[in-house]
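As structure tokens, here come the structures.
Two complexes are shown next, each including chain A; its partner changes from chain B in the first to chain C in the second.
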Partner chain A sequence: MKVHHALRALDGILRREMLRSLRQRARLFSAMVRPLVWLAIFAAGFRSVLGLSITPPYQTYVLYEVYVVPGLAAMMLLFHAMASSLAMVYDREMGSMRLLLTAPLPRWYLLAARLLASVIVGLPLVYLFLFVARFWDVRPPILGYVAVFPALVLSGLMLGAFGLLVSSMSTQMENFAGVMNFVIFPMFFTSTALYPIWRLAEAGPVLATIAAWNPFSSAVELIRFALYLRFDTVSMLVVVACLVAFFLASLAGYDPGRGLWARRGGEG
Partner chain B sequence: MNALAIENLSHSFGTRQVLQNVSFTVAEGRMCILLGRNGAGKTTLFSLITGLYHAWTGAVHVFDVAMQSNPSAALAQMGVVFQQPTLDLDLTAGENLRYHAALHGLPTELSKARSREELSRLEVLNRIDDRTRALSGGQRRRVEIARALMHGPRLLLLDEPTTGLDVPGRRALEQHVRDLCRERGIAVLWATHFLEEVAADDDVVVLDRGRICWAGLADHIAHELGVGSIAEAFALLTGSP
Partner chain C sequence: MQTLIALVLVLILVPPAVAETIYVSNEQDNTVAVVDRATMTLQSAIEVGRRPRGMALSVDKKTLFVAEGDDNRIDVVDLAKRQVVGQLPSGADPEFFVVHPDGKLIFVANENDNLVSVVDIAGAKIIGTVDVGVEPEGMAVSADGRTVACTSETTSMVHLIDAGTLELIDNLLVDTRPRAAAFSVDGKQLWVSSEIRGTVTVFDTATRAQTGKIDFEVPGIRREGVQAVGIEMSRDGATAYVALGPANRIAEIDTKTFTVRRLYLVGQRPWHVALSDDQKQLISANGNSGDISFIDLENQEVVKSLPVGRGPWGVVIGP
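Take a look at the complex of A and B:
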């Protein structure tokens, strides 16, 4: 594989993702409004009933809005990853995935490029949300916006790889309603995005254990710590390990000898 | 030199055998028609040639490059138009072509120039800035062929490219591809079940229920089988009415 060829292909995939994203304005709008609704309505309602004691990385008591913003940023990445995964299933049904998979580059590279492009396209909205959240008095240190960048990229890649894995196993778009109900919502609600783990432990030790093992919790905590200029080693290791595992599994799913392509059957 | 050489290719989905010991060649600069009824295995064969499916038995060589051991080098020589439309409907015709060019490593300026050149040749340059969603079926097919030619392939694979087109559209598309074959020396493998798309000097491969049942010059098929026309020969070979 020649480097200039690989870079041009990445550039092409990135441009395509950006163009498609910009042309789907309703999706862009809802991606931005969703976390703001959570912040403006859900968090405002919970502010009075959910007190938060000092929880790392915070060094003082914090308002619920402050706690929930990193979780909502991770939620944006999760929903973006699933939208991207749905787009891959759509591409496969519509045939345009064939074009990508018959490009003269290794398949692992093509899928990795698609994954990276999707994350890059999703990041500006997350940053926009983080800046808008300042109007709700969620004001991390300015350097935190820089420090959170690698955390957002890593988390986005891990969630995107999970989406890639889901897309490699989905035979048709209709299955995605099930994915939303049985994968995305449980992943989000059994994490530390909305409540700290000690709060979940009060509700039930099982729920707290699930949240502790949920890789989405690690993504949330990695983002939360980075935003406040702290580094969470365990969360980073979990996110990287899950990224590698999900990506390798999705490669197997897209393998022409073993994956869904091989099982589908020919048309004529 | 053979542009495409297929040797003893077999494939099955579970217990369903769809291709059995398929072997044939497409010579450089020749037009080869792969004739077969629906379900004969043409699309599966295309998926194996392009690496969408892994060929567990047999081999595919593109200009002597083995698809199994060096898929990137083999794919770089191929332009493919699949039976199922593969254009991105949210992108314009030009953007679709440039996306393909990027996947093949073409620099931006060359990609822009070539997209205009190929669309112009296929008489759809006036739709370069229109989203492909807005194009007719025939125009989309032309854009797909233009796209397949962007990287200058020496072998063009077309899987039932005229499906869904009206008769004038089919004839025009066929003529464009024949011109390409003659003027650029591109080898073409054209899969179809329309017998009227076969010309007397084409090479023909008849595929039926996953097996090759005849291969040779189109002009010879009727004579060799002792019938009056290619349609009768095809009916005899495939048992179709």
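Take a look at the complex of A and C:
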């Protein structure tokens, strides 16, 4: 693998992702509206006018809006990762992914490039949302917007790798409803995105345990801490470990010689 | 070498940040918590009498006076030693008091006796009493030292006392259960908070006519949940801060227009607030959550809430 060759491939994949994302105006629009609906309507119902108890990284009482914003940023990454992974199924069925995988570059590299491209394309919207949230008085320190960048990339990669894994197992593109029901919603609702872990523990210890083990919780907390200029080591380690595990598993899934593709008869 | 000289010069020329200490009376712990303002950390707790609430610094800022409601006295705390070094008589059940600007007298509200007692600090004795309404509580003294104001919770009045003759000048009706009183910096206005109605009434001290009333609304909290208690005036006279009790908020008020500029979310049930000497930070003592909240007034945000003990009530910032 020559470096300039690899970079050209990355460049191509990135451009293709960007073009596709820009052409899908409706998807862009809904990706932006979704967290705002949560913030403006759902969070209003849970406003907790008297303030939520102090939970790190916050050092004082916060309104629910402040608590939920990092979780909604992670939700944007999650939806983006899943939509992107479903697009992968489409690519594979329509042949463009197959074409990509036949490029004279290692498969892991092509998949990683595709993953990175997808995350980078998704980030501007997340930033846009974080800035719009300032109108709801969610005002983390300015440097927090810089510090959150690596947290968003890492979380995006981890969720993207998870998406790759899901897409390597699914056979048809009409599966998004299934993915919503069985992947996005359970991951999102059993995490610390919407409620702090002490609140989940009040609702039921089982829920709190699931949330503690849910890698999506780690992504949320990594983002939350970074946004407030703190570093959450445990969450970081969990996110990195999951990223590696999901990516390796999806590599196996995308290997036509073995794995799930072969078992399905290599159709598409 | 040049860098070293420059560094030394910088170290000499730049004055160190003024160290300030926050004192918080813990009503249920019988302590005064000592908090370092710069590091926002709890340093120690001074053991005082039972049910400490009202506090004030001496004029030279070397001594802290603490009213002990259940011990019927005022403790004298030496701030250098951080311990109680003496006691002053206060009359029964002292809740709140003010130190007269001449530094010699203390005016104390005696909640159960419907009295204001006047204490001579040097002689450690009560030199006079003034009859006021039922359950006197809030106390204020004008900057020129001529007038002392006292609110009575049950009578719902603010009483004006001539500090020289110790006679009642006037009684003004205010909204239900007045708690705190404060003179504006120029002495032209008197502000009185009403706990149950959740309002602040402003009087002209010359005509004694009501010139303004401030209502507080916290979105999502029913009206009864918004109560007005402690008041603090900024030194430039442009801003007043009012603790809103069970609404867990501190209101920032424009003193020209009597409008609420913004609300700060703090711990549960703030009683009193205090401004730092540089006027950049406001501290609230939150009675139910047992902490104090630090409000950064420059960036308009609450930066931290720090546990200090059970039942924080009064807060004073000293050197």
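In this text, the second predicted complex is superposed on the first by the 255 of 268 C-alpha atoms of A that agree within 3 Å, B and C clash if a C-alpha of one lies under 4 Å from a C-alpha of the other, contacts with A are read in each partner's own complex, and residues count from 1 in each chain.
Quick note on the criterion: contacts are C-beta pairs under 8 Å (C-beta built on N, C-alpha and C of every residue); 3 or more make two chains touch, one makes a residue touch a chain.
Just so it is clear, the structure is predicted and the values come from calculations on it, not from any experiment.
A.B. asks: So, does A:8 touch the first partner chain B, the second partner chain C, both, or neither?
C.D. replies: After superposition on chain A, A:8 lies in contact with chain B alone.
A.B. asks: Contact-wise, after the overlay, does A:212 reach chain B, chain C, both or neither (first, second, both, neither)?
C.D. replies: neither
A.B. asks: Comparing chain C with chain B, which touches more residues belonging to chain A?
C.D. replies: Residues of chain A touched, chain B against chain C: more for B.
A.B. asks: Is A:139 contacted by the first partner chain B, the second partner chain C, both or neither?
C.D. replies: A:139 contacts chain C only, not chain B.
A.B. asks: Is A:104 touching anything from chain B or chain C once the two structures are fitted on A? First, second, both or neither.
C.D. replies: first
A.B. asks: Between chain B (first) and chain C (second), which, if any, makes contact with A:54: first, second, both or neither?
C.D. replies: second
A.B. asks: Tell me which partner A:62 touches in the superposition: chain B (first), chain C (second), both or neither.
C.D. replies: Second partner only.
A.B. asks: Applying the touch criterion given at the start, work out whether A:24 contacts chain B, chain C, both or neither, answering first, second, both or neither.
C.D. replies: first
A.B. asks: How about chain C: which of its residues touch chain A in the complex?
C.D. replies: 218-221, 247-248, 265-268, 289, 293-294, 301-305
A.B. asks: Quick check on the complex: what are the chain A residues that touch chain B?
C.D. replies: 1-2, 4-6, 8-9, 11-13, 15-16, 19-20, 23-24, 94-96, 98-106, 110, 255-258, 261-268
A.B. asks: Write out the stretch or stretches of chain B touching chain A in their complex.
C.D. replies: Contacts found on chain B: 13-14, 16, 18, 36, 38-44, 47, 50-54, 56, 71-76, 78, 80, 82-91, 95, 98-107, 160.
A.B. asks: Flag every residue of chain A that touches chain C in the complex, lowest number first.
C.D. replies: Where chain A meets chain C, its residues are 47, 49-51, 54, 59-63, 139.
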